[in-house]
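I've put the structures underneath this note.
Two complexes are shown next, each including chain A; its partner changes from chain B in the first to chain C in the second.
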Partner chain A sequence: MNKARRNPLNTALAHVVLITYTVIALFPVFVILINSFKTRKAIFREPLAMPNADSFSLIGYQTVLKQGDFFLYFQNSMIVTVATLFFVLLFGAMAAFALAEYRFKGNTLMGLYLALGIMIPIRIGTVAILDLMVSTGLVNTLMALILVYTAQGLPLAVFILSEFMRQVSDDLKNAGRIDGLSEYTIFFRLVLPLVRPSLATVAVFNMIPIWNDLWFPLILAPAEATKTLTLGSQVFIGQFVTDWNAVLSALSMAILPVMILYMIFSRQLIRGITSGAVK
Partner chain B sequence: MGGIMKFPKIKWHIIVFLAPAVLVYTAIMIFPLFNTLRLALYVEVDQMRVFAGLENFRRLFGDPIWADQFWNSLGNNLWFFVVHMLVQNPIGIALAAILSHPRLRFAALYRSAIFIPTILSFVIVGFAWKLILSPIWGIAPDMLDAVGLKSLYAPWLGKEEYALTTLALISVWQFVGIPLMLIYAALLSIPEEILEAGEVDGITGSSAFWKIKLPLILPSIGIISILTFVGNFNAFDLIYTAQGALAGPNFSTDILGTFMYRTFFGFQLQLGDPHMGSAIATAMFGIILIGICIYLFGIQTRLRRYQF
Partner chain C sequence: MTALKLTNVCKSFGEVEVLRDINLEVEDGEFVVFVGPSGCGKSTLLRVISGLEDATSGTIEIGADIVNQVSPSKRGIAMVFQSYALYPHLTVRDNMALALKQERKPKDEIAERVAEAARMLSLGDYLDRRPSELSGGQRQRVAIGRAVVREPKLFLFDEPLSNLDAALRMNTRLEIARLHRQLSASMIYVTHDQTEAMTLADKIVVLKDGHVEQVGAPIEVYNNPANRFVAEFIGSPAMNFIPAERLGGVAGQQIGVRPEYSKIGETGRIEGQVIHVEKLGGDTNILVDVGSSSTFTARMFGQYEIETGSHIGIDFEDAHCLRFDAQGNRV
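== the complex of A and B ==
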């Protein structure tokens, strides 16, 4: 059996195709990274060569660190992402627990209402969101971004988490009730620790779009003090178009944190997207 | 049991559990969404908001100043979507089919590497490709030269006839990972017995893919199609990063997202118009809704699902 699927020629061909596509996927990132460590002359003379003793230079990074406030931008992105994840997970898990655990009037309806936002992009409401943030004085605060991303992340979080909450054993919860635990204690002490893997999946899912978003930082929080890393690099690069060293270094610095996050969480992320089919 | 009638107690814990999520979601997402649809029915006269019915939509679809831009961006957006459907999804499916071969070595490595562009922000992707395709730096022309195809090179992002397709392909490059992963998962969930039963009947290799696997993964292909649709008709960041709010050259890369942004915030001499911006957002909402309905009622219900 399985002759066709074991044919060595086919296997070799599969590797050729996959290696080719991997090169296509990684080439631009690779070119940006190696050139960010080179002198301006070397960038143009031999763009595909690795930096060597002659062409090595950190001038681009020096410009970036002197001109742009990248640490502040990084800090802003960090605050927004971490705070959003906290609220999405806490509020999402609470709502998911209510929907999965209790039978009450309007349960299904509430589930559908919260699921609306899975397909409809929150960007459609931007005009009114800006209105709202202006009238509540939240424009140019990180809070505005945290609120918007929390609202954006909740629908999918509730949907995924309530699937998992349904799998938590009823016996365990009822044993807790007999022991006189309150519903809150049952949720925080018994159920939440059991669904930790699915919380991680939801977190990883939400992290990348929030970190990378340009639209809402541009509209709700474009002030210097609240720029996120994505918006900050966009503006910085726009101003330094002709300074190739600085642009390449800024790009590399923007790539770095995402790559680190990806290396830590890629397994979780891929497992989340493929809903567990891939181990 | 006891026979004592109790008044139904209000179960406060249910309300406490639901309230934060429902409040944030309603206040920041649902309410602004409907408020945006409502704002589309107003115009601004002397800094006052005046109800104007469907006037904004009449101008958007009928007044040449607006209608030309609207139909241009809608057409561009459609082409953007078509390129994704014709290039991104077939490549994703093909790569997933290859990756899902049993006992393929380094599969996890390929998978993680090919997914890397998907995690990068549009700012990185947009500028990186702009630099690589730039005639000043010369990476693209030099590489074409190396294979003797230098005559094919053109400053693609700067030419009206190529810019939109180039950007669509850059976006394809970035997002191939999504259909790849979803289809890969679907392929892995096909039980081995079915494939072996096919082999007994002499169906192997590529015909096993076309005759057995493809019909089984059709529901997943439906899902990646609707995800692509919603994502594309909501796109903005890549075009804005690579070509600016004016979506140059000469609006040839203007899509609904950039058109809405420009109208809402204004650019150069034109003042921002939140009401017209809302009208465009409403049109986008309608288009996305139509797409979702076609998927839910036209496609999803017709796909046969198999349970193993």
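== the complex of A and C ==
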């Protein structure tokens, strides 16, 4: 530990800054949460007041749960997000391993090509993607969304993961090769556990934009059976009247699953580092 | 029988030639040390022998078989790395057993061999621990144990002691020497530390820029270096070089004298000013500015009181002088 980090004044300052940031970041969430438990009148009269005996109401939640297939939307969002994360992490890590580990012709070029995807937003290709989905018959399937989000997530995943894979000790991989482990075993059993924190980072980066996305669900899978939560919540936002109770309740419930996923990954982030393997 | 034979081995990474035309034989049961400065290609040579890198050209024979196309795990070798490279998720026992499991050896044989290696390296108490729960020295012993259980035809060590502190380095060095006697296995040991090279080797291979400079028994290499590079690299403090003209020799040549062969007095064959004195207790190193490009180090046995700045002379016998031409070769 260096001196500056132990200085109580510095520690206090750092905490003040961090707590301020946390409060600012959490404030909107907090407002949504408290208002989702209030009557419509109370929401507009005093948006910042806590719900009390007078203003307390579960009307929003009741609407949401009665309305259509809220659980189906939930499930759709969950399937799309989890499946996408799985594929992004699996294929991203495999590509990153190949780029970091093997010397082959066009290695650098391939890396640059993959990195290019970070700079070009996938939405530019929406029309072409829609075309493709129509001709492959994937419109209004969750698979369409999973494929698009996987493509969207891979460039950054490969970029971040290959950087981390380069840091995994060559000696460890070589020891495995001498002991007769296959390249797959080396990848899955030796390398992946050591880059687990970076996998969690990539997962967190990818998860929230996918969960919140409205664009592709609206274009590629607007059918009732494949609606995601974000798209499903739109029914409460009308052109003339918006059912704020329902919108706030839907948003409150939508926070939960991402929060759970986030907690799973952030535990990995902290716990993942297996020290003592090397050095 | 030869345990290892390298014939005209070359290795390039793209344009960069890292190994140039290496020819070498290792006899059965021999302890061979590759020594050379950092970046001279020692590790690369070891990786080529183990099969982790393909040779660009040349043949590699282990036992009597050409193994150029054989995968590392099937070459009958085991390797110990500088960074230990233990599997973090496995216990000490499983770390040692993994290679045997991969070879599908029967369970009781695996258990027996692991127990034997653990006994040899006094690792019995740690078998159920993970690498993160061990000290550096213990980790390196586990890495050595992992090599021992495979009963390889050839052991490869890549600077196994570099990450250990001085006391532990000495102990582990002795342990490796003992292991070599017990197993009478062929071993190749890479180091940049010439003390390790001198103390462990049956045969030293001095490398420079991917090229073998000299092969020989440690004392032979010490007494009879083939060129100036070897003379300078082996021995500590390093050999002194004086232009031959100053001693009445041929112009352009250099005379090399080991520090311990010098005697000091009021006057001598060369004279100069003392610029530093290192008192090590057992011996004393006297650094003298004799007017040539580098300082002259005299190593005296015992303890001496000499003022820096004083003027002294240095004497040495002709029998202890080595001559090198302008290209650095022995004449």
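Here is the rule we go by: the second predicted complex is superposed on the first by the 196 of 279 C-alpha atoms of A that agree within 3 Å, B and C clash if a C-alpha of one lies under 4 Å from a C-alpha of the other, contacts with A are read in each partner's own complex, and residues count from 1 in each chain.
We take it that a residue touches a chain if its C-beta (ideal position, glycine included) is under 8 Å from a C-beta of that chain, and two chains touch if they have at least 3 such contacts.
Note that the structure is a prediction, hence the values are computed from the model and not measured.
Contacts of A:211 after superposition on the shared chain: chain B is touched, whereas chain C is not.
Of the two partner chains, chain C is the only one that A:171 touches; chain B does not reach it. In the superposed pair of complexes, A:179 makes contact with chain C only, with no contact to chain B. By the touch criterion stated above, A:12 is placed in contact with neither chain B nor chain C. With both structures placed on the common chain, the touch criterion links A:256 to neither chain B nor chain C.
After superposition on the shared chain, chain A has more residues touched by B, the comparison being chain B against chain C.
In the superposed pair of complexes, A:189 makes contact with chain C only, with no contact to chain B.
Counting contacts by the rule stated earlier, residues 274-275, 277-278 of chain A appear in both its interface with chain B and its interface with chain C.
Residue ranges of chain B in contact with chain A, taken from their complex: 11, 13-14, 16-18, 20-22, 24-25, 27-33, 35-36, 39, 91, 94-95, 98-99, 101-104, 106, 110-117, 119-125, 127-129, 131-132, 137-139, 142, 173, 176, 178, 181-182, 184-186, 188-189, 196, 199, 204-205, 208, 226, 230, 234, 236-237, 240-241, 257, 260, 264-265, 274, 277-278, 281, 284-285, 288-289, 292. Residue ranges of chain A in contact with chain B, taken from their complex: 1-6, 10-11, 14-15, 17-18, 21-22, 24-26, 28-29, 31-32, 43-44, 47-48, 87, 90-92, 94-95, 97-99, 102, 104, 110, 113-114, 116-117, 119-132, 147-148, 150-152, 154-155, 158, 182-184, 187, 208, 211-215, 219, 230, 233-234, 237, 244, 247-248, 251, 254-255, 258-259, 261-262, 266, 269-270, 273-275, 277-278. In the complex of the two chains, the chain C residues touching chain A come out as 47, 50, 52, 71-74, 77-79, 81-89, 98-99, 102-103, 130-134, 136, 139, 146, 163.
Residues of chain A touching chain C in their complex: 169, 171-172, 174-181, 189-190, 193-194, 274-279.
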